[in-house]
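After this come two complexes, each holding subunit A, first together with subunit B and then together with subunit C.
Up next, the complex of A and B:
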């Protein structure tokens, strides 16, 4: 565990010094403040705009960090040959992958905490008080961030940063269409097509499970069962995808 | 790079920006085609935007809302034509069916500015279907039936429903009582005025409610409702010291609904 944390902290240190990360952190703050500029145009719906910008911005900025910073994490080490130095030490390949994942998650946690705190502060200043539905919706979104981080690391172990970024984005998009895939599988005329779409439905992560933004926009608390279901799903799906990453990374040869 | 060359490039940049800004500024004065309406015609329908929003439908609804407000403002100041308002509001309400203010704003604009009462009422009914327990949705729909369509029965029904929902303003009962009479149901009107009288803590409102009750009772040939005496006052007069201390006993008959 100590070795995993050592890699995680090193990854985190490296990531927060990345200019793209700092730019995205600034962008995240700007997004919430920009909602205040739009508020006067919203005919009395300024608080709603702030909430929606904040909650959606949280997920979208995290996704951008995952794509720009996370997808090249492992590949960069391979290209620079630094991975050989690391793996020559008594560090397993699985520990390396887990360390990278945790490091990226810690990087995203900084953005998550900063954005959530800023959003709640702005809402409180607008007279919305302490907005519990918004906080809970943000916490639920964490599940989506945890899964997408795992996906980014997975692609990072097997392909170039650019392809990795595109595939991570593709999984993000597909993750919001899993219900449609399921419906398509049920209605498909061909058993082969039905089987294929059903398989895709199970393979792609169900990211809509973590979506309580619409409810939060209307001050409705997310259901308690959604949290336990979401936590379990995020844990299991991420574990599966990280295991896949470790399997792929163990078979890779570095020259 | 030489300093003079750098200054020259910066000056070119500033000049190019100034030129572009000048052209953008004169564009509205050239009387070109209404780009707002043209642009809005290509806005996809709500269900398509819903899929494209990737779970961020509330945010997409907000962008559409800001667009709708800008569209209204632009056309209110210019040609007063609101042909695309219905389309915009449909997108907003497809993306967020619980966006009550969008139905109300859109309905008002379509009914009063665009003079399309049927479309406005269809929109309000859609809002009612998606938000049956929102008192404001019921009240505003009833108000539109009353003022724009002259449908007093439907208006009275909606005002009555609104008055029973959580958070409803006292005005809903007053409207329900008033419109019930206009709709030819004086019994319902009397019952509602009595309910309002019992509920209200505002002396002047209670006095007005009492006036309406007496008027209705006279029209219906009923015995005036008795207001119970209050404990002794220095005036030795009958009746309570303050109107809101008295409670009327409603009539034995209560209207349906």
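Up next, the complex of A and C:
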């Protein structure tokens, strides 16, 4: 566990020193845009627009950080051969992958918490008070980030950063349409197509489970069951994808 | 006795189980393992294939066997592309063997417990450039289970020892190649390993850096550690190593203790004559002696020590002035070149051959200034 934590801290340190927290500035700019520029145009719906923009921005900025940092996290180590130094130490390859994952997750969690605090502060300043639905929707979205970080690490263990980034983005988009995939599978005439779409429905993460943002923007609280279900699902899906990452990384050779 | 590294039967290329492995082991290897101490590194009949252009099967290693006995310094020599780095990377578990047996302290390289006793410096190391030297050593210490107080103490010691104290808190992106190499050695030794594997440890170092690495390797040997290192620099190998294994074209072409290898091989010498009598060069050439001119000097090759002594005496008698006598090739270099050439590999002074420039420079430095009356050898 000490070794996993050491790798995680090192990954976190890399992100900090690469000024990844500048992403927060991007989020702040988005909030200013929403609250100061778009809200006055929204005919009394300004606060709702800020909530909506803020919550979507949370996920978008986190996803961008995941793609830019996470997708090259393992591959960069292989290309620069830093992995040779680390893996010559008494550390298992599985520990290395888990450390990388936890380090990126720590980084994202800090950014995510800061962004949530910023959003709540802006909403309070706009006279929205302490907006509980927004806080809970943000918390639920964290499950999406937990899964997408695992997806990014998975692709990073087996392909180049560029391809890995594109695939992570593709999984994110597909993950929001798994319900449609399921519906398509049920209605497909061809058994082959039905089987294929059903398989894809199970392979891609069901990210809509974590999406209570639209409702929260309208002041509706997310259902309590979503949290327990979401936490279990995120845990299982992430465990499975990390297991896959470890299996692939264990088979990799370093020339 | 258990063998847990995945192996294949080298004759049939089929995977075999543990029991079969033990019974199929060559008798010599089984005997060594059974009666003597387990060698920290033991490699037997290692083969490695990869797919080349158009999917053509290329055999990078053709049955390499070597041992790094405990407490000894073993040198792994060979021209470029001979298979040294591939062998080391298989030993470290970075690459998989197509077949053969690799053992670290008698166990599997995939076992982290084996690697806890190992320190490794890769060729042309590259570290996390956002870390400082101290942070890197601390990270390596944590990964090797070194206690916090020991990490601080040892980091300080190794930074000082490697001449990097002034740069301890400098980000590694500001380090020169030589500084990274020295830091690489420090990170390999932070946990005081029993076995140290170094891939081209002298590469990228200035003479001071080389001297530092040589001293560290000698200290490790005195401490009783086992060292296995690959190098192109034959004089370093001759000075530091107890044993050498020469690889060429993916096969071991020469192996043994340095003392044995150089015992029955005489060095070639070069005699430099500064006051040349007319017709001397022609007279020597007529006798089949290799002669070359360098400005006003004459360079005469002597194939061995006896010939060198005879020639020097003869030249002095004839009134020639001996400017210098220096070994042209060390015995190890001669053995190396002969073995590599016999294997059909490159063995010259061009790319692919050993770096012996230091040998000649060093040898000349010891012979010069000019000896007028005889040899310094």
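Observations
As a working rule, the second predicted complex is superposed on the first by the 239 of 255 C-alpha atoms of A that agree within 3 Å, B and C clash if a C-alpha of one lies under 4 Å from a C-alpha of the other, contacts with A are read in each partner's own complex, and residues count from 1 in each chain.
In the analysis below, contacts are C-beta pairs under 8 Å (C-beta built on N, C-alpha and C of every residue); 3 or more make two chains touch, one makes a residue touch a chain.
As the structure is a computational prediction, the values presented were derived from the model and not from experiment.
In the superposed model, A:129 makes contact with neither subunit B nor subunit C. In the superposed pair of complexes, A:217 makes contact with subunit B only, with no contact to subunit C.
Look at A:3: by the touch rule set out above, it reaches subunit C but stays clear of subunit B.
Contact with subunit C, but none with subunit B, is seen for A:84 once the two complexes are overlaid on the shared chain.
In the superposed pair of complexes, A:253 makes contact with subunit C only, with no contact to subunit B. Using the contact criterion defined above for the overlaid structures, shared-chain residue A:191 touches neither subunit B nor subunit C, since it reaches no partner.
In the three-chain superposition model, subunit A touches subunit B and subunit C at no common residue. Within the complex, the subunit A residues that touch subunit C are 2-3, 6, 10, 13-14, 17-18, 80-82, 84-92, 253-255.
Residues of subunit B that touch subunit A in their complex: 51, 54-59, 61-62, 65-66, 69-70, 96, 98, 101, 105.
Against subunit A, the residues of subunit C that register as touching in their complex are 89, 92-96, 112-113, 115-116, 118-120, 122, 125-128, 130-131, 135, 139-140, 142-145, 184, 187. Within the complex, the subunit A residues that touch subunit B are 38, 41-45, 48-49, 52-53, 55-56, 59-60, 172-173, 176-177, 180, 207-208, 211, 213-214, 217-218.
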